[in-house]
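Multiple structures are listed underneath, in structure tokens.
What follows is a pair of complexes built around subunit A, which joins subunit B in one and subunit C in the other.
Entry: the complex of A and B
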């Protein structure tokens, strides 16, 4: 008979790899297009000055790639999962602000043509729950080990 | 679900079925278009020997003002209603060196490829591909010129706060304001030597709001010319130009 602990560990592994792959995919969709297009998506939120838009557009996809690969590989999990959760919280807050203001803009999440809607908010909200769960489990495991 | 180009086409078919013809014929709007033509000729160096391609030419109002000053103008637009109107106006005015075609591109090598209020209607993918396409349309030494609303414009912020309904009336669901420097960067990335210049502040929006008031437009244009000399204000201008030459 399979123990519930083993099932939990398998579910956690699948979730970690899947949520890591989401970050890798998000990074890939941005890195395969000219960086200026992602910068335009960021600029459309009307939150950052030009220099910050450029800095975020140039660095965020690489950060997403690093976080995604770390989650998939199971390395530096407390840091990677916390960073993923914080990024998702920030993305979701920006998207909710834009949605509430009636801004008909690309969310910039997965490349081109992804207009902010109730569906994109629900999708990213669901992902945030997953990343928060990963953060909780990885931090709990670290506490137990210490 | 309709794609962005289909929505754009439907919007412009409606726009060019009466409203645009009447609106673009008003005195302030004509004065604005005349100013644009003078500006395009000045900043691009186009002249009587130049072949010009206009992307997203609409009913050809700017192109028909430009035609007597250049060798040839070819205008392309997705909207059949706009192209029909442009051809009819060219015939009515006896302008033989202007040709209008349905579509998004044209054959040949041009000294000037221009795109007036066009780039900001393009979906992201089409915008990303445009500089490469333009490169293939330019003759050696040719220049690209575009004019589009800036995402940093003060008039947009004021308009959204004071008259949001009016702003939406003149906008398609898919159009957006563009960040000037990032737009120029797209062209630089394709090997162009590109620079941006702010075109106006309040004069073009005023011409749209009060199309019958030519004197008001001219006064606002004079104020714009002064305001745009102030660097801190210039960044908040309404519409920006990209002037791009092939650097290699």
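Entry: the complex of A and C
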């Protein structure tokens, strides 16, 4: 009979790889297009000055790629999962602000054509829960090891 | 004969790139390296902003120098009561070379006619009586109505879900640019594609 501990570890593995793949996919949708298109999605939120929009557009996809690959490979888990959680919290906060203001804009999460809606908020909210769970398990594991 | 075939072969890619473009609603050279199709709704405030603030800069920096071929496409949204009517009048006016004049007026007085519903009065105010009569008649012609619907269908096929949306095409690559765009970013995109 398979122990509950083993089942938990398998579920955690699947979750970590899947959530890592989400970040890798998000990075890919942005990196395969001219960076200016992602910059336009960021600019549409009307939060950052122009220079910051350009800086974020040119660096964030690479950060997403690194975080996603780290999660999938199971490397530097406390840092990668915490970074993923913080990024998702920031994305969700921006999306909720735009939605509350009635802004009809692209989420910018996975390329173009993804207007902010209750569905996208629920989707990203669910992802945040997943990343927070990964963060908690990786930090707990580190405490136990220490 | 050989020369004719050669010329036609050279022209074919240009024709294919803008095969659907209404010449009365297009600006610049069809052989420009970049084509921008602007899917727009006359009753949409963000479209008004694009038309009045961004497109004049695109005209000056890219269309006139022959770098961009600008094609206007109607994409009236169902939530706007009078935008399809406005699109039909503008498309009819294009047949007489008056598209830009009518479009400029519709966007300039958008707030007024969107509230009153007096689209025709707005359009007629900038046309000569002779042109007004022709445009009013033609706007109801099935050819015009189906042209507007065809452009809506093109937009739906391109998965356009907001206005304005510009489809920037360079060779085989198509990039949708949605919403009220920052001109510095658009310029950076176009300059990058032209390199």
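Operating definition for what follows: the second predicted complex is superposed on the first by the 146 of 146 C-alpha atoms of A that agree within 3 Å, B and C clash if a C-alpha of one lies under 4 Å from a C-alpha of the other, contacts with A are read in each partner's own complex, and residues count from 1 in each chain.
In this section, a residue touches a chain if its C-beta (ideal position, glycine included) is under 8 Å from a C-beta of that chain, and two chains touch if they have at least 3 such contacts.
Predicted model, so just to flag it, every value in this text is computed and none were measured.
Once the complexes are laid over each other on subunit A, subunit B and subunit C cannot both fit and instead clash.
When the two complexes are overlaid on their common chain A, residue A:113 makes contact with subunit B and with subunit C alike. Of the two partner chains placed around the shared chain by superposition, neither subunit B nor subunit C is touched by A:126. Of the two partner chains placed by superposition, subunit B and subunit C are both touched by A:104. Judged by the touch definition given at the top, the superposed model places A:39 against both subunit B and subunit C. Shared contact residues on subunit A (touching subunit B in one structure, subunit C in the other): 33-34, 36-37, 39-40, 43-44, 50, 53, 104-106, 112-113. In the complex of the two chains, the subunit A residues touching subunit B come out as 33-34, 36-37, 39-41, 43-44, 46, 50, 53-54, 104-106, 112-113.
Of all the residues in subunit A, the ones that touch subunit C in their complex are 33-34, 36-37, 39-40, 43-44, 50, 53, 104-106, 112-113, 115.
For subunit B in complex with subunit A, the residues that touch the partner chain are 4, 123-125, 127-128, 151-152, 173, 176, 178-179, 181-183, 185-186, 189. Subunit C contributes residues 159, 161-162, 175-182, 184-186, 188-189, 192-193 to its touches with subunit A in the complex.
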